[in-house]
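Both complexes shown next keep chain A, but they swap its partner, so chain B is in the first and chain C is in the second.
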Partner chain A sequence: MPSVASKLYSDDVSLLVLLLDTNPLFWSTTSITFSQFLSHVLAFLNAVLGLNQLNQVVVIATGHSSCDYIYDSSSTSNESSGTGLPVLFGSLLEKLGDFVTKYEQLSKEEEFENGIASSLLSGSLSMALCYIQRVFRSGHLHPQPRILCLQGSPDGPEQYVAVMNSIFSAQRLMVPIDSCYIGIQNSAFLQQASYITGGVHHTPKQLDGLFQYLTTIYATDLHSRGFVQLHKPVGVDFRASCFCHKKAIDMGYICSVCLSIFCKHHKKCSTCGSIFGQSKLDVSDKKSKAPDT
Partner chain B sequence: MPQVRIIAKNFMDMVASLPAIKLDKLYNNVFICEAILRSLPPLAKKYVLQMLYITDPVPATMMEEWVLADGASKHRVAIDRLIQLRIFSEISDRKKGTSYNLNPTFQNNLQKHIISGGVLPREPMNSDNAIKLPSLQELETYALKQWECFLLQLINSGHGEKLTGISSSMMKIFQRGLMSQRDRDGPRLTESGFQFLLMDTNSQLWYIIREYISNAEERDVDPADLISFLLELSFHVTGEAYNLNTLTDVQRNTLKDLADLGLVKLQQGRKDSWFIPTKLATNLSVSLADSSVRKEGFVVMETNFRMYAYSTSKLQCEILRLFARIEYQLPNLIACAITKESLYNAFDNGITSDQIITFLQQNSHPRCADRVPSIPENVTDQIRLWEADLKRIEMTQAHFYDEFPSKDVFEAACDFAREWGGLLWEDSKRMRLVVKSEIHNQMREFLHTQSK
Partner chain C sequence: MSNQKKRLNGGEREDEDEDDAEGIGEWERAYVDDRSWEALQEDESGLLRPIDNSAIYHAQYRRRLRMLSAAAAGTRIQKGLIRYLYIVIDFSRAAAEMDFRPSRMAVMAKHVEAFIREFFDQNPLSQIGLVSIKNGVAHTLTDLGGSPETHIKALMGKLEALGDSSLQNALELVHEHLNQVPSYGHREVLILYSALCTCDPGDIMETIQKCKKSKLRCSVIGLSAEMFICKHLCQETGGLYSVAVDEVHLKDLLLEHAPPPPAIAEFAIANLIKMGFPQRAAEGSMAICSCHKEVKIGAGYMCPRCKARVCDLPTECTICGLTLVSSPHLARSYHHLFPIAPFDEVPALSSLNDNRRKLGKNCFGCQQSLIGTGNKPGPCVTCRKCKHYFCLDCDIYIHESLHNCPGCESIHRPKSVSLMEE
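The block that comes next holds the complex of A and B.
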């Protein structure tokens, strides 16, 4: 990779890609309404844009099974409506409305058999990374990017591989993923994402003070993070999901060739096709069964 | 050697030096609050955001816990800046120690800005009523052309070519400090003038704007009004037309001068006239911050001291001419060489080797900028060596003493001078010594007491 530092405007110009959880299944269960939440977030975005004229904000909405760009401060500022300043949040709300109605139909048709109301985090993460990659390649100078996940829905174990891949590519690009988890359970995905990429993970206790959390922790530009006391995570949930049933597991079987994870013993790796030997557990089973037959 | 340096001193120092009442009045304007927030060091910005909704004073000890040990000095700088700009007010309490409070007007305005989103300072005109707006590209070339014209006029004012509409009295003000008026050969660039030319556009712009503002009182304009107008201007949208009717008379007059500098483009319609801010204007508040903005360079330096500059600009050519010999010029390329003579010429004019080297480094072509070092080492070394050649002799003002009455007095005098750190030379055989002229007075007193 070419030297990143030489292509930056200056130390504290940042590009913030915000992944906004709009999953209706989550928002029907929370203590604060979505509109209250949104007002905190909009104020935060305004603040980020206000900090530096060159700062850039991109918002990606994450629905239950969909995701889409809903706001990009760099493109709207060129529109003739004269929205160089945060009047532009009108357009954000409009796009968000479009997004919600568009995917309302889709989500109605689907059946939620497993009962996990997760959001499509992997999709929005990859969209964010694509956007950042485009910024890296586009021109000579670019702002310093970072990703912020505002997530409330629980993890979707079926997205494990996709999310992990996104996390590792973010790590390679040296893009930190900050995460702010506002749901009830803990999100192992987000904890790992922030841990691996060097971002900040935090679960705010009081959601009515969300703006204060957001500005105090997540508005800090990467340059200043070097000398500011930031929230340190207590522990990280490193649990992985198995590839066969998409369940989060503590202990399992790993393919020695491709490192796929399984919760049960298989004869053949479903990912790379290598044939496994008998597991010790099975061998002892057979031995114990042998006298019976 | 006394060093006169023109530093593109931060514009905010000027704002900070305004009297308190005026400063508080400035904060009534939302845009100024916003511009000032942007000009702060990163850490200070963070503090302001963090305290935006805190109405009680925050103790200083608590704020110190916000930063790591490495950041202590940056923390001090940030706090000092905030106090200087009267954004923080200090409250000292004997029991609790110092605590800080955010300026309520500033706080209110920023809160409003953040919640409701910024509103434009004034509405742009509708594009349908027969206004032909220049494209952004055209506007940018216009701005740069205007600015170069201005700079060229600034340097060659002797040639009498009238390029821009800036009045000669105004030009004199800008030239103050940059040009020296000599009787015979007309105005000549001074040392600081050369340094000015080597700065990047934004710093130059701020230098000129600063001169413009500091001169405001002579033109019966309140500097605070001017500052607020300029900051407001930077929040307009580049390439949009704004009606002149929305401005006060003072602002309209100011705008004429700004148009000559390339900050805005004035256009006349059938009924009314309007102005279009260019990138130079909207970037004003960007360059306020200390952080330097990098731009694409154009110079390729070779190890054989030849230099190729991909530029069509007359101004760039003039700048290169300051320290290099121009060999030939192609439509988009200037080929020149750095020679001993050309550099001696530059040193003579008060340009230092470091300035030349940093100029070359900052403006090196993107292809070269990726190399380490971007300028060949033998060239930088040679530039420094040639400068050192000229500085083999150092001059010090001194006084000479001789005919001491006795060896004791002479030695006492020597010791005295040594103690003060002013002894330059002594000859104990013939009892003569030379001391720096700074301690001449003390020396004389000392010798008087000795002789009694």
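The block that comes next holds the complex of A and C.
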């Protein structure tokens, strides 16, 4: 009944979209196994659902070769056929198993690939934002959405533009992106995402206590974050790196046509091919004069 | 609502603010002609069914997208990313007319404020200046600058409409200012014109030729009726001329100028611009900031060349003149350089081929069901590259705000060419 639901909608109803890293190239190198990690995550999801009757949880898997929706707590297909009681996370585990066996089988060549073993963060971020946009369209009574990235794989530089587009779109929709990084190197993408959108970023040191980190830092809904002291962002490095040497620079030169960054003065832009300091009219004049001689 | 329907049927019509011969006003005409209550329907239980605007809205959106992509013609065209834009607002006595509620002046000011915020959101490296026309003379409200708050405060400061309007004086003033701008920047003027005439001290055709020679791109948004001189100005300089029929249309026309226009290659010389990427100052450090001339503790940035402290980015260092930006500001403009292709429409009643049956049950982005009423496939769109299906709302969201196709981003590309590496 719509009137009862509107009375139950208090300020702290939240929709949590969890982006779970299932990249096998990362999970083969960690101290904690994927099944131990999953037990922490499932206990955390139960805790979030228990905080408020109307809380919703959606899980999207970020894989190495694909991304997909794994679980949606508001869909009706979670009930078991026999007794009519919801089978908690049975469908989640089943769907996750299907996803991993279908997409995450690596060919022999990929295992020896020397490149960075990154997962498709931009894909799952885009899917999460499309889902959140659908929630916003569903009427004025909706839970407050936020995104939590549980990531361990390093950043893939080819995804930079797509990840930044998603971050700016999330900033516009006022959806915070929290991030919990469990890998070895630091993730610049996730730090920037949490800083720009107003979310919380943390790198837990002891993965045995992951459940404790998750419930104390990431379970707070958006309304209560005004009263709770969470981690403040510490010195996010926003310096750019130059395109020629890939090192971080303090001062550089920007091409006015394509915004590529260089550390030294060049005659020609390597990205868009524009010649600097020469107007296009001069170039075409020279070309038309040459055949006359 | 009724105005929107009229626009779909008949194109632009002139705004009439006088009563016509029968003595009924504009607001009464909406009831007599349109009979919008007849579009309401009841469902089975007798409750009112909401009017389904989504199909009309989506058709309008597709038409606009088709016009834009036809202009781009499939090739990646250059866009002017570093823009120096002057907004000229006509505050002559015609701006006090009440055909836009509460008055043309108030509506213009409100929409220009929204435009300024949107402009700096999409073009963080560009600068805006404001000019007003009052009593036949053009005044500079603000000089070219990159801070939205300064411009909005100056605009809202004095809102009064007096005297005549002079297009030539405004163009002369803007021409003088924009001549001092560096050569790699794109020079643009956006004129919001409410008067129906212009009182000029000299030959306006000469001024227009002068602007054309200085490569100024002038666009005009008229609030009353179409004028020859505005049309001529826009045609000569390569700008856009449009006339607003109501408040909503005015806002749409204004926001069309926010994304960077296609650049005419000869207009701006490609150049390398020296910029600094400052680091955040340490927590608890004390310094006198160069913008407010006060002592500030903690949050702020340090110019890498002269070590002066600035409060906000992007800005120009007041001491040494270096442009200071951070990498997200540059990243905001990347989607203009790498736009995504529009999705293809799937005819609603197409037979369920194998691909559609496999992938087309739910929208790939938001998991909304794509099966319409009566178990028939509803309207949807598909991406050419990844062949996934999306619902109409996700189509609009992806192309207007997100600029990423979720399907294409969810495919692993081994050893892909890294376009931007940071």
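Descriptive notes on the structure:
We adopt the following convention: the second predicted complex is superposed on the first by the 207 of 293 C-alpha atoms of A that agree within 3 Å, B and C clash if a C-alpha of one lies under 4 Å from a C-alpha of the other, contacts with A are read in each partner's own complex, and residues count from 1 in each chain.
Keep this in mind: contacts are C-beta pairs under 8 Å (C-beta built on N, C-alpha and C of every residue); 3 or more make two chains touch, one makes a residue touch a chain.
Just so it is clear, the model here is predicted, and its values are computed rather than measured.
Measured by the number of chain A residues touched, the leading partner among chain B and chain C is C. With both structures placed on the common chain, the touch criterion links A:Gln192 to chain C but leaves chain B unconnected. Applying the stated contact rule after C-alpha superposition, one finds that A:Ala43 touches chain B and leaves chain C untouched.
Once the two complexes are overlaid on the shared chain, A:Val228 sits against chain B while remaining clear of chain C. Touch criterion met: A:Gln212 reaches chain B, while chain C stays clear of it.
On the chain C side of its complex with chain A, the touching residues are 78, 81-82, 125, 183-185, 265-266, 268-280, 282, 304-305, 322, 326-328, 330-335, 337-338, 363-368, 393-394, 397-398, 401-406, 409-422.
Against chain A, in their complex, chain B makes its touches with residues 34, 37-38, 42-43, 45-46, 49-50, 52-53, 65-68, 70-71, 74-75, 110, 113-115, 117-120, 123-124, 127, 234-235, 237-238, 240, 282-283, 285-286, 289, 291-294, 296, 366, 369-370. By the touch criterion given at the top, residues 64-69, 72, 110, 113, 115, 120, 122-124, 126-127, 129-131, 133-134, 137, 157-162, 164-169, 172-173, 188, 192, 196, 235-241, 243, 246, 249-259, 261-262, 265-266, 269, 274-281 of chain A touch chain C in their complex.
Only residues 2-3, 6, 8-12, 39, 42-43, 46-47, 50-54, 77, 80, 82, 84-89, 140-141, 211-212, 215-216, 219-221, 223-224, 226-229 of chain A touch chain B when the two sit together in their complex.
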